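Quick heads-up: structures coming right below.
The two complexes that follow have chain A in common; it is paired with chain B in the first and with chain C in the second.
== the complex of A and B ==
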């Protein structure tokens, strides 16, 4: 079962699932992101331009995907300080394809007040496109 | 018994899982495996002793390696000091047939892993290098591969008459046990694992989660 929200390290259980969500991976969202961060490259903002680069279509920028993962952690633990997000991009996160962000607690250090979270982004076929771990510090 | 034959811990450069957390996860989540083999990239971990953890959690924890050849990545089971001295585990371009010969001479066994993947899988290199001598077993179910990549692996195994094993290729805790291999006889040591594989007494188990 997914924990709705946690406030302190004492609320966290090993194996506890973070509330998963489907992020906005639309072309409009990546165009907005590109505009705000100053990236106009077609691989993120234009399907046809991305195909010309040999990609299957536009892809979500890696740091935007990491932003989704961070958002999931803060929805779960609004008081958490994200110490690290460490991701492996196994395959592109494709724009205009639904993806699901999930997280699960796999280590708790009550002395340090930190938790380790396995994080994944899967596509509609259930394929893991991005995985990794995040470390978050919670109030003790 | 069921073993996940392909896992990585923080000993691997891209591994993020602590071995104790693998054990805790397996028991907390009721993952249906009896143990796992740590196959760290381009090395063999002689130092770590996981016997205490294994006993505490009632699991079998064995060690192997994942080396890199011109045919892609290859699991090596039954690593000993003589085998470790026989070739450079840290190399990223080992000749597969030599690795197999060294394994055969040292009571070990080499198993190409995720052979359906581009670049790091064996099937992608057959056209260039031909069919390698000495391969008997390949990993047909890999928890980190896409379904179409596992399909390529299974087809290659069928075409070339190879047997298949399964392993999760987990790099994070929650991915362990995604694929595994079932043995009819107990396997509690690396030597017994090699023996069971050489005796061809095993069956690959596809993705469970």
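== the complex of A and C ==
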């Protein structure tokens, strides 16, 4: 596993795994997101309301899932500047279900001071729900 | 699922008519308390994202994905046969978003492409909002990828 307190690009290993991160996917979290940020409709904040829309229960807004990915990178490397992140929503992240985020370093450009990271949100069955790639700049 | 080797004729027509044509401008008053809450609920712990008193207080880069305009396609864009779903978000970060700034978002269709699988063709629309501050500095690009799974014909 990669160093969990990465300060400079020299601390990063190619193929190294970021410390896994368990995001808060509780209904309280999506309600708070809905109250302060947006996406406060029942499909995100109320299981019964979501079921009325044909969903198995409330789901986490995609923009919140993307925020989880950014947070994971900053927890791993507090000095990192995320210069690009692309997120693919493959399947819903269900509220009140445990999910885990994992990441791996797929490229290091020491001249540019950047690293590329693949990040995945999986559910308790190990199914990929969200996949992302990020480019982060680190001090050299 | 394989990506199309060549662009379908109807998609090429849409690309020629609509790509890179600005169709909306929106303004956003950035409230630091809102992006601080966004940061905390997403799991950020760095004070520069969560503490308004931090000297480098700024929004997490992904925050710009929460800034949405009124529409994802130009007003004269044709209705495609199928339901649109949010397939993903992308951000290109260029400079920090600070508390109290006013951002202007200018939207255009950045890409249109297809993928074809066993269940038929899916059309992907990438809407890009370019965000600028009051001085005209380009702060970020926020992309929304919408997928439309076409209904079978016949």
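Some points to look at:
Everything that follows uses one rule, which is that the second predicted complex is superposed on the first by the 138 of 140 C-alpha atoms of A that agree within 3 Å, B and C clash if a C-alpha of one lies under 4 Å from a C-alpha of the other, contacts with A are read in each partner's own complex, and residues count from 1 in each chain.
Just so we're on the same page, a residue touches a chain if its C-beta (ideal position, glycine included) is under 8 Å from a C-beta of that chain, and two chains touch if they have at least 3 such contacts.
These numbers were taken from a predicted model, which means no experiment stands behind them.
Looking at the shared chain after the overlay, A:86 reaches both chain B and chain C. In the superposed model, more residues of chain A are touched by C than by the other of chain B and chain C.
In the superposed model, A:98 lies in contact with neither chain B nor chain C. Once chain A of one complex is fitted onto chain A of the other, the partner contacts of A:32 are limited to chain C, with no touch recorded for chain B.
Legend: residue contacts after superposition of the two complexes on their common chain; A:106 is shown touching chain B, with no touch to chain C. Once the two complexes are overlaid on the shared chain, A:64 sits against chain C while remaining clear of chain B. In the superposition on chain A, no contact is made by A:56 with either chain B or chain C. Overlap of the chain B and chain C interfaces on chain A: residues 86, 88. Those residues of chain B whose C-beta lies close enough to touch chain A in the complex are 14, 16-18, 21, 24-25, 28-29, 144, 146-147, 171-175. Within the complex formed with chain B, the residues of chain A that make contact are 14-15, 86, 88, 90-91, 104, 106-107, 116, 118, 120, 125, 127-128, 131-133.
Listed in rising order, the residues of chain C touching chain A in the complex are 33-34, 37-39, 41-46, 49, 60-63, 65-66, 86-94, 143, 145. Residues of chain A touching chain C in their complex: 21, 23-24, 29, 32-33, 36-38, 62-64, 66-72, 74-75, 78, 81-89.
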